[in-house]
């Protein structure tokens, strides 16, 4: 009995996945449970294991293609098994028109693809040898019309333009843009292009927080042998501050804003293959200890590339602490569809005016990047000030 | 004028005839004013001067008798018992009108009282009346069907075809020609080769009778004879009411085809004035009663106009209804937007 | 050429005057011509100018058309007035069984130089018996030629050509355009049958239309310029023979087509044109062919009902938006 | 002198009647041999009307004809060859095979055409009349129609217009008693169709349509009236069609007609009666009759041969002649 391999839905919000790499070729024998294909979702990349044993008869979707979940991507069958009844599913495979983000390898002839395109568009594409499947239709009902083909022709032309011969062979090593970095690149670009960012910075005194941390230190380290980090504390504080400012704990959905019930704080972690943002779910309901443990565990697994989808899903606010990297102040890019991201700089001893005299205090810059479509300056400023108060007088957390 | 040795009964009837004629006259006059003031769209044809014909004929009809009328049909509808409220509403294109604003002046019908409708096509009523007569015959009732038409229609093929069929089948029909001297602008003396349209009865072997159409009692008497003949199953009659259209063919008609003098000459034969004088001479009517009649009627009509003006225009979608008994878009073919 | 402003009616009277002066075999027959100068006054002055050659008839449509035919068969050039296009139904046998067929049936012996002039169209609250647009019936009838212009210049030129044509012409004119003015040259000229005319050049979409819808199309074309859509308005002027070359030329240029007429959509002339385009120019099309026409109901009397039933500027605009997949603005 | 003219005229009329009769008989025969498609409406029995009427006409006078029109065509001087060719649908026919039995026209000979529509010819006759008036010639129009047509609207409108304009039109009703299967006595409520003239104030005469001299005399009067601008006349010619309505008529129309009736009318056969009178008056003799019969026979045979030898029209011809 042949098995259809589909694009797995790896978690609640996943609607489509990119086929990063096939780990088997057509004709290879595969065992149930052995890695078959590498799939990238917007969150992570993921090795999908073969749902059945047999021979990989047909690969229906190719590397680089973005495929809606539950769409067949391959067929696994036994030697000499009749696939005609499988052919049946192939047209319907293509039911909804999919448009890969980049021109992919020439697909084999015979894969019948129903494409909505005007007669004129079809004629022109044929003449210019353009594969309509590589185009996204801009006409009614996603129909590919003359204009789309003309654009494609333009793109081709640009490619054809021969670049002037370089004086010397181009220096520098080529790094393939792949995996998490590729996704990140795409999403950061989208975020920065589409979201009207605005930035508010405020300088906060860290002495109270440092004291608190010192006090908790021996206590907790002794008992649970873990260190409470500044980040742990900031997560806790940010979470409780967000409770009073639900608007910043929201999601932009085209023509509406969704206020999120849970406060899930994502914490940006830099890995060499790219930035990853594991999420501490319901941070507001968690004790400092729980937060600390969770964050430690996530960081650990992130480094080992063992994060599950749940670990990276559902963030409603992101915290990016670059203090340990010696950065004073920076403007982080929002992690869509979230509303805001908080950038925390390094704490430095510096002279500040207290009352009438100049004193030395540990100070740090907080910068809040927000989506102006959701919040305006005043709202964000209030949040930032409350945050400042909590950091400078952590006892307020008890209220 | 007739009326020697009349009964108590007659005086009642006569006053009723008079009242109806006045009602038609006032309805038409007011309609003319409403049209002039732009409250009635399209175009209208007034029957001022022809009241005696409408009233004389309809006064001998029963509620269940049929009539077909013409583009100049307000008088017939009123005489047959039409509701002036719904008439005005229709003239103004309101949803409370007889045809929900779909018909207008030229297409008023009230099947509940046997009015099979006015017709925008000259002589359009002939084939319809033949069908009505035939169904009466087939259903074996003693109803009568009356076809009102103008002198113009008497030169149309349907006149010929209808009178012939009615005569060979002895249908209970009275063909009432309201010879108002003009087919639109064309004089009947030019358009017709015979002196009297009643003569054409001979071509079908049916009685043809021509009477003074401005004398309501003459019309009534002739109509009564014809209707009784029809009820008795003795077949159709061709009745010609010689009258005169005092207004233009339609409101706004420059009337280059006739002289003021001619119109004045005929307005002396005004059917209402004639009957009024007669009734006064007979001591049936005096200034006081007369005034009351005109006042009452004006009140009724003013109310009717108010009713019409206060009625809303139909919903646009109403335009898609009533085409078939079965409703549904597939039947009316929505436009591609 | 020296142009002056004339109404469509004036243009028509002028055309008739010139032709009747040129050719004594031309005469006009119909109702209310002498006394009234025609129900819409298109014959004013002619009875005086040509005594005996403008003939009033009783109301006898069958015979008016039949008489025109008989006269045409025997050396005359009748111009028949039917008052309203709706009244063609009273003479349908004459038009469809006689006028259209006799020449063919008799092996080409006869020529039938008759013009049947029929004002059509809605928009005047004239109700169901005085508002129809019936051109499709006659385009559908072999043996007839059908003309339906909209501008005084075209009306005059085409009236003259129709009168000179040795074939039967059904000449429709929309009642609403009679008093519309337009430039007409003083010099004599004629317009050949079967030649369409681009009334507004464009590159993005062609509106193929005729009669009063040309006016709506022109308004829409202007408005669309603001939105960056360049509409080409093609006025057919003659419906049969149809100017296929012009149509093909324009469609090949714009790749998008809307066909608009006031007659009801179903089996309207738009269906024919549309079918022909997709048969012969399928690969030129960048969007489905859209048609604009009236609802398939008799023309109701009450103004709001009438406005709703017959197509106008708005329905054209909506269809355009539809074609380009735009949002229809909710005003 | 006049007698001599009459004699030659009568002999010509007699020969025409014989020609019509044998043309129809031949046509029926060809139909039964399936050489003529469609249906034909034979006018056997009505020869006196065709000949009586047309003998009073000039070549340039117009004629409007009916579906039962072979006789009228022949009497108006049509060429038997081209008629027969048309009946057989040949390219040499009057209408190049497009018209057939029901649509023969000969504009040269003033025959404005036979009509498939009952009552279709009357309005055209009015038009021809108007045209004559406008052109100021002294032509007349002979408009043939059957008793069925007198109840068509076109009859009414046409007679009224002809009357008010005093057009030179003679309306000839070939009253053969039946509109297909409907007897005229059931189709109208008056005894004489000529009474319809009263409705238009024009003369109307009902006459024996099987007496060719009577028809001729009445027609002559009507034509003179028309030529002198006095207007139209309605002639109601009582006659009978011995054959059925058409060649497809079951039992040659005996389903709706009685033997007695048929025999009674055979007794009044127009050819038989004319022949007897001509013999009685010594105008016709055995010898002369033989000559005539031979001439007729050969002319018909020639016509058939011509028709059969003529080619069918080229299919392409079907798209010709639509426009001038």
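Letters are used for the chains, namely A, B, C and D, taken in the order the chains are written, and counting of residues starts over at 1 for each.
As a working rule, a residue touches a chain if its C-beta (ideal position, glycine included) is under 8 Å from a C-beta of that chain, and two chains touch if they have at least 3 such contacts.
Model, not experiment: these values are computed from the prediction.
Trainee: Report back the single chain whose CA centre is most distant from the CA centre of chain D.
Mentor: The chain lying farthest from chain D is A.
Trainee: Would you mind pulling out the distance in Å between where the CA atoms of chain C average out and where those of chain D do?
Mentor: Chain centroid spacing, chain C to chain D, equals 41 Å.
Trainee: Where the CA atoms of chain B average out and where those of chain C average out, how many Å apart are those spots?
Mentor: Each chain's C-alpha centroid was found; their separation is 36 Å.
Trainee: What's the distance between the Cα centroids of chain A and chain D, rounded to whole Å?
Mentor: 98
Trainee: Could you give the separation in Å between the centres of chain A and chain B, each centre being the mean of its C-alpha atoms?
Mentor: The separation of the two C-alpha centroids amounts to 83 Å.
Trainee: Going by the touch rule set out above, which residues of chain D reach two or more other chains?
Mentor: Residues 153-154, 157, 160, 164.
Trainee: Where in chain B do residues touch two or more of the other chains?
Mentor: Each of 155-157, 190-192 in chain B touches at least two other chains.
Trainee: Got a list of which chains touch which?
Mentor: Pairs flagged as touching, ordered by label: A-C, B-C, B-D, C-D.
Trainee: If you look only at chain A, which of its residues touch chain C in the complex?
Mentor: Result: residues 118-123, 139-141, 143, 145-146 of chain A touch chain C.
Trainee: Spell out the part of chain C that touches chain A in their complex, as residue ranges.
Mentor: Touch residues, chain C against chain A: 255, 282-287, 322-325.
Trainee: For a test of understanding, state which residues of chain D touch chain C in their complex under the given definition.
Mentor: Where chain D meets chain C, its residues are 62, 93-99, 103, 105-107, 112-113, 115-117, 120, 122-132, 134-135, 153-154, 157-158, 160-161, 164, 320-324.
Trainee: Quick check: in the complex, which residue numbers of chain C touch chain B?
Mentor: 31-32, 35-36, 39, 56-63, 86-87, 90, 124-130, 264-266, 290-298, 300-309, 311, 315, 318-319, 322
Trainee: Write out the stretch or stretches of chain B touching chain D in their complex.
Mentor: Counting only chain B, the residues touching chain D are 155-161, 164-165, 167-168, 190-195, 199-200, 202-206.
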